[in-house]
Amino acid sequence: MVEVLEVTGTPSHIRDKALAMIPDGNLNACLTCGTCASGCPATGQMEMDPRKFLRMAVLGMDDQLERHPWVWVCTMCKRCYDVCPMSINIPQLIYDLRAQWPRQERPKGILGSCDHHINSDGGAMGVPLEDFKFTIEDLAEECRDQPGFEDLKADLDREGAFFALNQNSREPVTEPDELLPLWKILHTVGADWTYYSRMWGGENYCMFLADDPSWEKIIRIQVEHIEKLGCKVFINTECGHSFYAVWQGLRRFNIPHNFEFKSIIEYYARWIREGKLPVNSDWNTKGLKFTVQDPCNVVRKSLGDKLADDLRFVVRQVVGNENFIDMAPNRSMNFCCGGGGGSLQAGYTQERHAYGKVKLNQIMATGADYVITPCHNCHAQVEDIGHHFKASYHTVHLWTLICLSLGILGENERTYLGPDLAEFGL
Amino acid sequence: MNRYTETIQTLAAKLLETGDVKTVLGFKRGTFPLTTEPFLATTPADTGELYWDVNCRLNLATYLKKEMGKVAVVAKGCDTRNILVHITENRIKREDVVIIGVPCTGMIEVKKATEMAGGDILYATEQGEEMILTTAGEEIRVPKAQLLRQNCALCAHPNPVIYDMLVADPVPVQTGMDRYADIREIDAKTSDAKWAFFDEAFSACTRCYACRNACPLCYCPTCFVDESRPQWVGKGTDPVDVRTYHMLRAIHCAGRCTECGACESACPMDVPVRLLTRKMEKTVGDRWGLEAGLTLDARPAQDIFCLDDPEEFIL
Amino acid sequence: MTHQKTMGSVLIAGGGIGGIQAALDLANSGYYVYLVEKSPSIGGVMAQLDKTFPTNDCSMCIMSPKLVEVGRHLNIELLTLSEIQGVTGEKGDFEVEVFQKARYVDMDKCIACGACTEKCPKKVEDTYNQGLVKRKAIYALYPQAVPLKYCIDADHCLMLTKGKCGICAKTCPAGAINYDDTDKTLSLHVGAIILAPGFKAYDPSGKEIYNYDRSPDVVTSLEFERLLSASGPNQGHLMRISDHGKLKKIAWLQCVGSRDINTCSNGHCSSVCCMYAIKQAIIAKEHDPSLDCTIFYMDMRTHGKGFESCYNEAREKHGIRFVRCRVHSVFGQPGETVGQVIDYVDETTGRVTREIFDIVVLSVGMEISEEVKSLAENLEVALTPGGFARTNSFNPVATSREGIYVCGALQGPKDIPQSVIEAGSAALSAGASLASARGTLTQTLTAPEETDITGERPRVGVFVCYCGINIGSVIDVPAVRDFASGLPFVEYVGDNLYSCSQDTQDAITQVIREKKLNRIVVAACSPRTHDPLFQETLMNAGLNKYLFEMVNIRNHNSWVHKDHPAEATIKAQEMVRMAVAKVALFTPLVEAELSIDQNALVVGGGLSGMAAAKALSCQGYHVSIVEKEETLGGQANHLYMTAKGESIQDGLKTMVTEVTSDPNIDLFLGAELSGVDGFVGNFQSTITQGDKRSSTTHGVTVIATGAGEYRPDEYLYGQDPRVLTGLELDKKFIDDDPSLKKAGCAVFIQCVGSREPGRPYCSRVCCTHTMVSALHLKEKNPKMQIFVLYRDIRTYGEREALYKEAREKGVLFIRYSTEDKPVVTNSGDRLTVTVTDHVLQRPLSIQADLLTLATAVVPYRDAKLAQFFKVPINDEGFFAEAHVKLAPSDFAVSGVFLCGLAHYPKPVDEAIAQAQAAASSATRLLSGKTINTSGNVAEVNPALCSGCGVCEAVCPYNAPSLVTEGKEAGKARINPVICKGCGACVASCRSGALQLKGFEEGQLMAMIDNF
Amino acid sequence: MSSFEPKIITFLCNWCSYGAADLAGVSRFQYPPHMRVIRVPCSGRISPKMVLAALRKGADGVWISGCHPGDCHYIEGNYYARRKFTLLKEILEFNGIEPGRLHFSWISSAEGVKFAEVANRVIDEVKQLGPARVFIKKSPEESAA
C-alpha cells in the first residue's frame, strides 16, 4: 500500500524558484503529456523520469527532490526541452537543483575535477602548466621526425596567432599521442594556431557541478587571455561539453569578446571543401561501416543541424558515402550517449550503463564497425558501453580517421582502431 | 357441450347483456361435419349458437371492421396476434374490440382426419389428447397430435397475446420444435429444382383467391393483381402470373403474418401457399429477430429498421 | 438620420462549407450574394474529406447538392480565382475591390468534357489530393467541382510560361481556351461582408521530430483523408506509401501543430483532430479489420454531439488503441525505407515502450494563414493573439468592424456543424443589418405562361447530343436519332453538337413551339447536372418543366463503353426508347404553393430562445416566446462569466430588456404549449398560462427549450453545504459571496454525471466553465489552493488558453479514471478529497474547504413537445436535428428549427450563434412568403388506400398523415409541402394507393417494358 | 456462352449511386454495355413489384444500388430498402431464381471505381448463369408457340 500523500498545494520552493530563475521555467504549465519522458533515455532510472520529476515539483514534494540523485543521471541533453509543447526548461531545472546540493555533497568526481581546475589555473586534472608545456614541446619534437612534418609547430601563448585552440586535458595528460593527429591536420591545412596557457584545459567540470562562479571564472580567464593574445578565432577541439561550456558561458555570463568561437568540425568541413584537407575514402577497401554520434552539446544544444550536416559531410568524405550508416534518430534528434552532464564522473555507473543502452541499441541497429565520436565524453561513454555490453564496435575520434585517410596517421596514434586498421597504411 | 363453448357463451352473453359490445363475433357449428362458420351474436339469446371445437380454423380477424362499432371477438393465439397487427395498422382501435381469448390446443386438418378415418367423417369429438372420429362404418381413436394442421403442430404462441378475457387457463407452450425443417429442405435444393418444385406445387392454383379472402391481412381495397394501370400481372393461370401473385403476397404478408393457417385451410386445391409466407416468417425472424403480432409498441417488420440490420448480401 | 444608402447584397469571402451555407441562406432570403473563392471551384476542405464524423457520412455525397444549388442560384454570383483586395465604405454600403485571376478558359463555352486535360502534356502536383498525385496544367479541381469548368494553371502551362504547346486549344471542341485572358480587378458594392476563408492546415514540413520530410509514410491527416477516399490517389486502397507494402499498423499523433507553443506557436486546441483521428481509424479498420490502429493523445476531446459514443465504439467495438502519451518524435530505422519508430511512455509502468508503425498520420491542427491575417489587418478586423477573429460571446459572428461578419475557422477552430451554424448566424446578422434593402437586388425568374396540354396526345421531341466527340466518337448519333423517330408518340427528332449551349436552348425552344411538342427527351449527359438547364428551356417554351426526361448516353454510355461502339449505340437507342415510353406518360406537375404565416413561435425563453426571437424580430417578423418559468433567461440566470470574460448577467440583462421592450415580440411567461396543429407555414398552437389559454398561428417554430443541470447524489452533494454544483458556485460569484475568499483550498471534480453509463455524452461546457471559475477564485484570493480532478480536459479551440492560464496560475490538475474515482469524506473542519495522481500513480489527499462538482447538462427529454411537432429525440434525450453536419439547426420536419441546449450542451456564444442560425433558416422560409414544393411529390389515391399507415411510419418528414374527418377519414393524405419526394412510402404501400409523381409506378413499368 | 449479351436492369438512386455512375464516366472506367439504368430518387422508392416486373419482362439480371447506410439523402430510405431487398432476395431465391441474377450494392457518389467494379462483377455473374429462363412472362403468341 502506497502511502497517501497530503498535498496542500502550498508553495513549492522548487516550483517558485524555477519560475523566478528560469525564463521558461513555469513548471505549472506542464500538461503531463509525456513528451519529455517518452524521449528521455533516463526515463525509468531510479523510478524517475522528467515528467515525474516535474510533477513532484509541481505537487510540492520538494523534500523528495532536493537530494534526488537522479539529477546526476540526467545529462541535461535537452532532448525534452526541445519538444516540450509548453517549452518548459527541464534541463535548467535539473541544473538549478544540482546547484542546490551543498557543494561538498555533490559527486566527488565532478567536484574534484572542478576544484583542480580552479586551483591549478590549468585543467580539471590539475596538471601544472609546466608539464603541459613540456608535453607539447616533447611531442612536437617527436613529430617533426616524421616525414612531412619537419616544420610542424605547436605553440603556447604565441601572440597574434589566428586560432587559439581549446585543448581537453585528457590527451596531454593520459594519451599524449592522441594529440598528434589534430596537430598534423592543422599543419596540413597550414593553420596558424596556438595553445594558451591560462585555464588551458578545455573541459569544464564546474559547469557539470552547477557551480556557476567557477564555470564563469574559467571562461573569463580563458577569454581574457585569448583576447590578450589577439587570436581571431577560438577553436574548440572534438569535445562537446568544452564547446558548450564556452558557447553557453559567453552567453550566460554575458562575457564580451572579440574572437569568433568555432568548433573544429566546422573547420574540418571547410578545409575539405576548400581542398586544403584532401581526404578521400580510397583506403576503406574493406568497406568498413561507420556511424557517427552527434554530441548533444555541439548539435542540439548549440549549433544545431548545420553542424550535424558538416559532421556528416566530413565523415562521408573520409569513410565513403556508402560506408556511412546514420543512426536513427540522428542529428538534433539523436539520443544523448549518456556520458554527458558529468555522468562519467558522477558515480552512478549502473544508471549510466542503462542510459547508454539506448545508444548501444542505436549503434547496433546500424551494424557499424566503428562509431565516430567527435566528443570526449561521447567517446568515453560509447567505448565504455561497448565494453560493458560486449559489443564489438570500435570508437574513434574524427582526427584519427582524417589522418588515416591522409596516410599520415602514426604508429602510436592508433589506440582506438581495431585490428583491421591497426597496421593500415604504415 | 365442451367447456370452452360453455365459457364463450357465458362471456358473450354477459358482454351483450351489459351492453359492453353490440356484437360478438365467434364461431357456430358448420353445416357439414368438421366445419364451423363465423357467427355474429347480437343478442344474449344468440349466444347459444356460439361454439368451439378443433375446427375453428378460420381467423375471425378477417371479419373485424371499423364500422362494427364495439365488438367482441373470439380469438386463438394466432388470431390475437393478427388482431394486434390490425391494431398497429389502424384497422381497428384497441378500445373498440373486446378479445375473448382462447388458449388453443390446435385445429385439425380435415384432409388428414379423412385419410386417417378412411372415409367421410360424420362426427369428430375431442377427448383429452385423442380425437374420436366417427365414420359411417366405425369409430376410431386417433391421437389429436396426428391430425393437427402443420401451423398448429408447430405453434409457438397458442395462448392469446392480447385479450380482455380468457376462456380457460393458458395451455402449456411447446418449445424445441423445428419450425422450418421443410423450408430448409427446399432451401437446400438447386435453383432449378426449387423452380420445378414450386412449378408443380402451384400448378393446381386456379387463382380463386380463397387464400386471399381468408387472410385477414389481405385487406387492400384493390389487390395488386387486380391493378389495371398498369396491369402488369395477368389474371389467368399462367404459371409466371400465379407465381408472381404468390410471391408478392408473401412479401406483403412478411412481418405481419401470424401463421393462423387460414389461407391454406381455405384453399380448395391444397396449394401449399404457407411455404412462401413461412419462408418470409423465417427470414424476418432470422435476420431481424422479429415475430409478427407480439407488441403494440412497434409497427411490423417492414415498416421499421435497425441501423445495423444484416446486409452481407449488399456489395 | 443619415442618408446612408443600404445595399441589398452581401459579399462572402470563402467558398467552403461555411461560405456556401451563408450564401444559400442569404440568397434564399432576399439578398444578392457575391461568393468570392480563391481557388477555381468552391467546396473548400470539406470537398476533400472522405467521410465526416461522427456518422461517417460520405462528405461529397452530402455536400454536392449544396454545391449544385449554389452553382445554379440566380442570386449568387460565383467569383472564382478571386480574392478581396480592399474594402472602403461602411456597413450598408461597402465598396470591395476583388482581384480575379485569369482562368484562360471561357466559362460560358467550356462543356467540361475533359478532352483538354487528357491531352495536356504538363503534369503538376495535385493540391486537391494533397500533392499525393499529379494533375495536368489544365484541370478541374475535382470531378464534382462547381463550377465544373476547366482552368489553366498559369504557373505551369507551357503555352503561358514558354509560349509553346497550345494543345488544349487545338483539342477543345468548344473553342473555350483563351490564352489571352487577363487578370481583372472588380469593384463591388455590397451592404455587408462575411469572411469565411477557412483555415490552413498546420504544415509539419521542416520539423525533424515528425520525420515528415524524410519518409513518405508519415502523412498529414488531410493527406490520409485523400488516401482513404475512393476518389483519392489510390482509390481508397490502403497501403504503405513508400513501397506499396501491406499495412499492419497505423499510428495517429494528436496535437501536431496544436496545443504547442514550442515547435510552433499554436497554443490553441484545433477542436476537430481527436474526432477526425477516431473517424479515420474506424474507416481504416473498416477497410481492413486486422489493422492495428493506435491513437497517441494528450486529452481525448470528443465534446460534440455523438462524439463520445463514437469514441467509446472506437475503443470497444473497433478495437482502436488509445495511448495517452504525446510522443517525443518519430524516426526511421537505419538502412530501412519502411517502418516508423515511436517511443512512448506507458503511464502505468513509467517505462518507455517502442513500437514500429507502417504509417504515421499527423493529426495536424488548424491555423489561420498569413494571407488571411493580413487581409484581416487590411480590413481592420481585429484578431486574437492566436490569430483568430475577435468576437463577443453575445454577438458571436460580428467582427470588430461593423458590417463585417465572420464564420467558420477564422472565428476559431471548429468542426463542420459549428461552421454551418455560424454561417447561418453570419447570414442572419448580415441580413438583419440590411433588412430595409431586402429584395432590392435579387431577381426572380419569370417564365412565359404555361401551355395547357390537357387532352393532347403525347407529341414527343427527342434531341440527341454529340457532346462534341464525347458521345459522337463512340455512339452513332444519327442512328440513335433515326431510331427514336420510329418510336411511339415521337413527333420530332434532332441532334445537336452541344445540347447545353445557349443557341441550342434557343433552337429547342423554337422547335417546341413550332412542332407543338408536349414532351421532351434529351439524350446527352447527366440529369444530375443538366436537368435544371433543360427544364428552364421547357419553361421558356411554355411547357411544364416536368414534361422532360434526360437520357445519360455520355457518362453512362459513351464514356464507359469506348471500345464497343456498336453495342453502345444499341444501348443508347434502348435507353432512348425507355425514356420515350416514360415521358409519354408524364403529366404536367403542379408545384404546390403554400402561404407562410409571417409569425414565429419560439419555445423557450432562455438565451437561445431570446436570441432567436430577437434575430427574427430584427428581420421584421413577429415572434411569440413561450417560457415555462416566470422569468426569461433560463440557465443564464445562474451563470457568471463567459470564457471570454464577459459578464453573463450584464449580457442577459441587456437581452431581456431588448426582448421585453420589443413590440414585435410577445411574451408568454409561466406558460406552456398545450396543443399544436398544422405544419410548416401554418401552425396553430395553444398556449396555456395558468388557466388562461390563448392560441397563436405561426409559420415557423424554433425549439429552444434548453436543458437542466444534473443533481448529483455522489461526493457528499446534498449532505455537506461545502459541496456545490458548478451553477451553485456561479450563484455565489454573482452574489459576490464573501465566504469564497475565505476558502483556503478549493477542489473541482469534472465529469460528474457526464460520460457515464446512462449519460454517455460529454457535457462540453464544464471544463471551460471550471477554468473560468478556478481563475475567478484565484483572482479573488491568489493564495487559494485549487485542484481540478478531471478525466480529459476539453477546453477546445481558444479556450485552451484558459487551461494554460489556470495551470500557470498554479491550479493543479489531477486526472482520475472511472475505475478509481475521487473519494470525498467529511473530516470535520474540512473536506478530505482522495485521488490517485495520474503521473505518480499514488494516492493524494487534499484538505478542501470548497468542492465544486462540474455536473452534467441534462436534457429535458420533452416527449410532449416532440410529439406536437413530430420531431425526434435521440437516445441521450436531446432533440435530433435533420443532419448532424449540414443541418444542425433544422429538423427533418419543415418549418421547425432547433437551437441551444435542447440540441446539445454548449456555451453562450455557441448557443447564440445557433439561435441565429435557426432564425436564419426560419427567415429563409418566412421571407419567401410562400413556398413552392417540388412537383415530384407523393400523392394518395384514396380509393385504393387501406389506411394501414405504413406511409406514415416510413416517412422521415411526416408528410403523410391519416385523415381524421370527412368522407376520406382513415385514408392517408400526403402534405405536398412537406414531402421531399423520396418515394419510400410509395414502395411500401401494398395497396398501390400511393404514387410518386415523375416516378410513377406506370412510368417506371413503361421503362421496364421497353428496356 | 461467351456470345451471350445479357441485359441487366439497374435501379440507381439519384444522389449516390447514379452520381457514382456519372463519376465512373468522368473517370472513363470501362464496363460492358449491358446495363439499362432506371433512375429513382432513392433506393427506398424501389418496390419488390418493379423487380418482379423486370424479371418477368426477361431481364437477365437486376441490380439495385443506393447510398451507404447513413448517407441517404432522404435520411433513412435505404434502411427500409434494405429490409425490402432482404425479403425480395430470399423469396426469389427460394422460388428458384438464381442468386446471381439479383444484386444489391451501396455506392456513394465518390465511388466511381466501386461502381465500375460492381458493374463488372454483376455482368460477370449474370453471364455465368446464361440467359434468364424460368420466371419470364411470355406473350400469348409465345405461349402458344
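In this document, chain identifiers A, B, C and D correspond to the written order of the chains, with residue numbering beginning at 1 in each.
Operating definition for what follows: contacts are C-beta pairs under 8 Å (C-beta built on N, C-alpha and C of every residue); 3 or more make two chains touch, one makes a residue touch a chain.
This structure is a prediction, so every number in the text was calculated from the model and none was measured.
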The pair out of C-D and B-C sharing more C-beta contacts is C-D
Cα centroid separation, chain C vs chain D, in Å, comes to 32
Can you give the whole-Å distance between the Cα centres of chain B and chain C?
51
Inter-centroid spacing, chain B versus chain A (mean Cα positions, whole Å):
94
Euclidean distance of C-alpha centroids - chain A vs chain D, Å:
73
Multi-chain contacts in chain A: which residues touch at least two other chains?
none
Residue numbers in chain B touching two or more further chains are 224, 232, 302-303
Residues of chain C touching 2+ other chains?
954, 988, 1001, 1005
Chain contact graph: line, ring, star, complete or other?
other
Once bound in the complex, which stretches of chain C touch chain D?
50, 55-62, 64-65, 114, 143-144, 229-231, 235-236, 526-529, 552, 554-557, 559-564, 567-568, 570-571, 574-575, 578, 882-883, 892, 936, 954, 956, 980-984, 986-988, 996, 999, 1001, 1004-1005, 1007-1009, 1011
If we count contacts the way the header does, which residues on chain B are in touch with chain C in the complex?
66, 88-91, 219-222, 224, 227, 229-230, 232, 252, 299, 302-304
Complex interface listing, chain D residues touching chain B
48-49, 52-53, 56, 69-70, 76, 79-80, 82-99, 103-106, 118, 121, 134-138, 143
For the chain D and chain C complex, residues of the former touching the latter
5, 7, 9, 14-16, 18-19, 21-33, 35-42, 44-47, 49-50, 53-54, 57, 59, 67-68, 70-71, 73-77, 80-81, 84, 108-114, 116
Chain C - residues contacting chain A, complex
208-209, 255, 259-263, 298, 324-329, 331-335, 341, 343-345, 347, 350-352, 745, 785-787, 804, 807-813, 815, 834, 837-847
